[in-house]
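Here the structure comes first, spelled out in C-alpha cells, and everything after it is commentary.
Letters A, B, C and D mark the chains in the order given here, with residues in each chain numbered from 1 onward.
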Amino acid sequence: MTKLTPSAAGTFAIAPTPFHDDGRIDEKSIDRLTDFYAEVGCDGVTVLGILGEAPKLDAAEAEQVAIRFVKRAKNMQIIVGVSAPGFATMRALALKSMDAGAAGVMIAPPPNLRTDDQIIGYFKQAVEAIGTDVPWVLQDYPLTLSVVFTPSVIRKIVMDNPSCVMLKHEDWPGLEKISALRGFQKDGSLRPLSILTGNGGLFLDFEMERGADGAMTGYAFPELLIDVVRLSKEGRRDAAHDLFDAHLPLIRYEQQPGAGLAVRKYVLQKRGVIASSAQRKPGANITATAKSEVDYLLARVARLDKRANLQPLSSAAG
Amino acid sequence: MTKLTPSAAGTFAIAPTPFHDDGRIDEKSIDRLTDFYAEVGCDGVTVLGILGEAPKLDAAEAEQVAIRFVKRAKNMQIIVGVSAPGFATMRALALKSMDAGAAGVMIAPPPNLRTDDQIIGYFKQAVEAIGTDVPWVLQDYPLTLSVVFTPSVIRKIVMDNPSCVMLKHEDWPGLEKISALRGFQKDGSLRPLSILTGNGGLFLDFEMERGADGAMTGYAFPELLIDVVRLSKEGRRDAAHDLFDAHLPLIRYEQQPGAGLAVRKYVLQKRGVIASSAQRKPGANITATAKSEVDYLLARVARLDKRANLQPLSSAAG
Amino acid sequence: MTKLTPSAAGTFAIAPTPFHDDGRIDEKSIDRLTDFYAEVGCDGVTVLGILGEAPKLDAAEAEQVAIRFVKRAKNMQIIVGVSAPGFATMRALALKSMDAGAAGVMIAPPPNLRTDDQIIGYFKQAVEAIGTDVPWVLQDYPLTLSVVFTPSVIRKIVMDNPSCVMLKHEDWPGLEKISALRGFQKDGSLRPLSILTGNGGLFLDFEMERGADGAMTGYAFPELLIDVVRLSKEGRRDAAHDLFDAHLPLIRYEQQPGAGLAVRKYVLQKRGVIASSAQRKPGANITATAKSEVDYLLARVARLDKRANLQPLSSAAG
Amino acid sequence: MTKLTPSAAGTFAIAPTPFHDDGRIDEKSIDRLTDFYAEVGCDGVTVLGILGEAPKLDAAEAEQVAIRFVKRAKNMQIIVGVSAPGFATMRALALKSMDAGAAGVMIAPPPNLRTDDQIIGYFKQAVEAIGTDVPWVLQDYPLTLSVVFTPSVIRKIVMDNPSCVMLKHEDWPGLEKISALRGFQKDGSLRPLSILTGNGGLFLDFEMERGADGAMTGYAFPELLIDVVRLSKEGRRDAAHDLFDAHLPLIRYEQQPGAGLAVRKYVLQKRGVIASSAQRKPGANITATAKSEVDYLLARVARLDKRANLQPLSSAAG
C-alpha cells in the first residue's frame, strides 16, 4: 500500500468496527465492508476512529482490526486511528499498523489541551513517539474533543512536523477555516496539505467549493460522497448540490452525536454490508421508531438516487 | 396579552435583537420585526434568548427591548428570556416584562450545573425568585449550555413547579426525549406540558411526529416552520417533509454555532425586516463568500418555495 | 483616590459583600468592613469579585455597593470587579465606579474562551468597552474560570493594552508563572506590571519569594497577609514562614471552592466586622460541625497569633 | 493476598510508577518502593492510579507493573487502578491483576459523564465487565475527572453493586460528603463501606474526625498519614493536628495539580526509595527553584518530625 502524501484526495470512508451481537469482533464483516468500500470507489478507508468504537477495544483487538482491514484493502489506502491516552499505546499501534502496510495514521488531541502551546507541544511529542517517518492525519474535531485549533495553530503543527500530510477537518462551523488555510498556502506560509472533511458530510457541498480535497466521513452511502466530490471538482455545481440535497435529510439524521453510529450501522446492515448493527457497550440503541424514520428517509432518498432503494433487511442480510 | 399555558402550540419565533451599525438598539426594526412575525402567522415570539444577544445588553436595555416587543405585539404572545447569572437580575427583568404584558418568561440553566439535584434545586430557587405566578419555559439546550437534563429531571422540575408550562426542547439528539416525555404523560406521571422545539428547526419534521406541539426557533423563514407544523398536525406527512426538505440546506447552513446568527440577520435584512445585520461586539461577521453561499441557497429554495425569491438587498432595505 | 498604577504593591483585601439575613445589602456592614480593612493596614480593597457574590446583584445594586465602598474608603484604593457576560454591563459599572472615585477595575475572562487569540481578542474588546483611560487588573484564575493563560498570552495582553496595570495571579500551580513573567521583564519583553496573588493566600509564602508584589485575596485575617508580605519584603524568610505556617491550617480550610465563602463570612462575623454571615441564594451554608472545626482552628492559630483569639460570637456581634 | 472488604482501614499509599531517566519502567525501584511502604507500616498500596501515570503505559506494561507490585507486596494489599476508556481494556487488566493476587481494583469515571443516570449506568456496566466477584474501589475525584457524584448517587452505586467495597474520597470540598454518607449508614440506607481519603492528604485531619477509615493518597511521607490516622482513631485530637500541621506546608506544596507528582518523585528519590524522579512524557519538570523550595520545606518539617531530616541526595541515592 502506498503511503499517504499531501496530495491525497477523493473520498476516504470512516469505517465502523463490525461486531457480532455478543460484542466479539466480526472479521468476516470487516472483509465485506472493506470490499464494499473498494467496489463503490473509495480512495481509502480510515479505521479505529471515534466512530469506530476504538476506545472499546483492548490493545490486541485494535491491532487485530487494523491489520485485518489493511490486509484486505489491496490498493485502497488504510489510515489507522491511533489516538490514545498515552504515547506508548499510540506508538505500539502505529508501528504495528505501518508494518502491516497501512498508509498512515490519524491522531486526535486529548480533551484537556487548552492553550496554543499545549496543543502544539502535544503533537510534537506524538510525532516523536510514533517516529517522524510515519505519515499522519491531524484530526480537528472540537464538538467531540473540545480542543479548539486556530488556523495558525494548524499551520504551526504542519510546518513543524513534515510527516503531517493531511487535516481531517471537522470544525463546526468550519467553512472559513478551509478558506483561511488555503489562504495561508496562497501567501506561501503553509506547505501543501491534504484537507478532507468530516462531520458526517453535513457541509460537504460547500466544503468542496472552499477548497477541500475530498471527504473523510462515515455516511452510510459513500457513493454519495464520491459523487459530490467528483461533481464539485468537475465544476458541476448545481448537479453536486442536487445530489447532495437529496441525501441531506438522511445525512442530517445520521449526524446526531452519540445516536448517529446506530443509524449508520443499521443502514449498513440493511445494505448487506455488515452482519449485525450491534455496538459494544456502552453503546446507543436504535429504537423501532427511529428505524422506521430511517426507512422513511431512505425511501425518500431513493426517489432521486436509486442506490437508496434497499431491499428489506431479511433478504439483504440473508 | 394572554398568559402562557401548557396548551400553547404552533410557532414561536426566536427574535434576534436588531442593532444599528454602531451597536445601538434599533427600535424601528423591533417594530417591523414584530409586525413581520404577526403577519406571517406566528403564534408568539421569544425575545432576549441566546440568539437575541441578551447578555450583551445592560439591564436597562434588556428591559427596554422586552417592553418594546411586548407593546408592539398586540395579540401575539411574547416570551422574554430572563436567564441571568443571578436571581436579582432575573427577577427584575421577569417582573418588568410581566407588568408590561408579556405572556411568560424563559429560563436556561447556568453552565456549571452538573448533578440532577443541582439542576432541580436551581429551578426551584429561580421560581422562588420570579414568583410562582409567572408562567415560564424551561430551556433544555445542552450543546450550548453544557447542562444535561434526563427526561426524569425534566418531569421532576415540571411536577415540582406548577408555573412551568412549556419545554423549549433543543437537546441533540432529542427525538427519543420527546417520546419519553410523551410516554410519561401516557403513564400519568407527567402533567400537560407544551413542547416546542428549537435547534434552528433541524429536526422539526420528525419532532412534530414524535409529539411536539410546535416550533420555537429563529429560522429566517418562520413561514416554513408554520407550514411544517400545520402540515404535520394535519397528518400530511409527505407534504410536510417535501416542504421541509426544500429548506433543509439553508436551515442546516443557518444552524452553525456562533456563525448562524450572522446568516439569520443577513437573510432578515435581505427580506427587508431589519435595517442592519450588525451584531454587538463580540459578534461573528459574515464574509462575502458566506453571503454568496446563502444567496445561492436562497435561489435554490426559491425553486420550490417562492417566498425565498428575495429582491436584491439594495431595494429591499430601501 | 489615586488611580491604580503598575507600582501598586502590598495587600489588597478581596471584600465579601455583606447581606442581611433576608438577602438585602447591608450598607452599615460595608462601612464597618471598609473601616476594618483600613485599620489593619490594607493598601486597597477589591470589591464585587467572584467571592463578592457579584453575579447575584442586579445592575443597580452592583453600582450601589461599589460606590458605598469607594466613598467610605478615603485613602485606600478600591478596585471594582466589572466582569460581566456583556460589554454594555461591564462598561456601565466601570464608568460609574471610576466616576465615584475607584482606583481601577478588575476583569476576568468569560469561561468559553479557549484559544490564545480568543483570549487576547476578548481583552482588546473589553478595553475598548471601558475606555483606554481606566486602569485595570487582569484576573488569571483557571480553577474557577476554566480559561488558561500562558505567560506569553499575559505578556501580549499587557503589552497591547497600556491601561492593564496589574495581574491578579491565581493560577494553580502558579509559582513558575510568576518566575516566567519576572523573567520577561528581565529580558526586556514585558513592561512593569504589578503582580498580586490570590488563591486564598495558599502559596503566599513562596509567591512573594518568586517576585510577587503582594497579596490580593480574601483570607479573613488580612493582618496575616500584610505581615507575610512585609516580612518577606524585609528578607526575613523564616519569620515570614513561621507566621504563615501558623495560619495555614485555617487558610487551607477557608480555600475550599464554593464552601470557603461561608467560612470567611463566619469568621468575619465572629470578628464583629459584618453583622451577618448570610449569603444570597444560591449560596452554601456552613454546618454546625464546620463551625466547630473553624473554632478549633482559630483556637490553634491563637496560640501563635493572638489576633485569632476571638471573643465568643454573642459579645463580638452585640 | 486477602481480598479487599468494606472493613478495610488505615493507610493505603498511592504509588508512583518509577521510571528510568529514559522512560523505561524501573522494576528495581518498584521493589524498593514496595518494601518501603511495607516497612513504614502501610496497610496497602494502590498502583496505576492517576498519579501513577497509568495512561502512559501500554497494556503490557500496565500488566507488568501491577504484577510486579503484587508479587513483591507479600502481606500488604495491592489495589490496581484499572480505569480505561473502554471495558475490554479494563477487564483485561482487572482479571490479570486479580489472578496475580491483587486485593481489588479501583475505577474512576470517564470525564464525559454528566447525569446521575449516566454515572450509575457506567459503573453497572463496569462491574459487568470485570465480573461481580472482583472487589473494587469507587474513585470520586471531581477536580481532575470533572464528574460530580452526589452522596445519593454514591449510595445507589454501592447498594446496586455488592462488590463495591470502598470509596476513594477526594471531592473538594468533601467533609460534608463524609458526614452525609456516614449519616446514610446510621439511618440504615447504606451498607458498610470503607472510606479512605485522598487529595494528597490536605484535609486528612478533619476527614478522620468526620468518619473516614483512613487515607489513600501519595504524600511522600506515608509515615505522617499513618500517624495521623492512628492518633485520630485513638482520640488524640491535638496530637494528630500538631503532627499534621507540621507537615501541612509540604503537603500543600505537593498537592499542586500537575506539578505535584514531580515534587513527590523528587522527595522519594531524596529518601532513596526510587532511583530516578523521571516522568514519562508528557510530564512536568521540577525546576531548580522548586527543588530548593522543597528542600526548605523539608528542613522546616524536620524541626518537628525527624523523619524529614533527609540526607543530601547524592548519598541517599548512592
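Please note the rule applied: a contact is a pair of C-beta atoms (placed from the backbone, for glycine too) under 8 Å apart; a residue touches a chain by one contact, two chains touch by 3 or more.
Source: prediction; values computed, not measured.
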| item | value |
| --- | --- |
| Farthest chain (mean CA position) relative to chain D | B |
| Distance between the centres, which are taken as Cα means, of chain D and chain A, whole angstrom | 39 |
| Approximate Å spacing (C-alpha centroids) for the pair chain A, chain C | 48 |
| Mean-CA-position distance for chain B and chain A (Å) | 33 |
| Topology of the chain contact graph, where touching chains are joined (line, ring, star, complete, other) | complete |
| Residues on chain D engaged by chain A in the complex (per definition of touch) | 55-61, 84-89, 91-92, 111, 121-122, 125, 128-129, 280-282 |
| In the complex with chain B, residue positions of chain D that touch it | 114-118, 147-150, 152-153 |
| Complex contact set, residues of chain B against chain A | 172-173, 175-176, 179, 202-203, 205-206, 209-210, 241, 244-245, 248-249, 252-253, 256-260, 287, 289-290, 293, 300 |
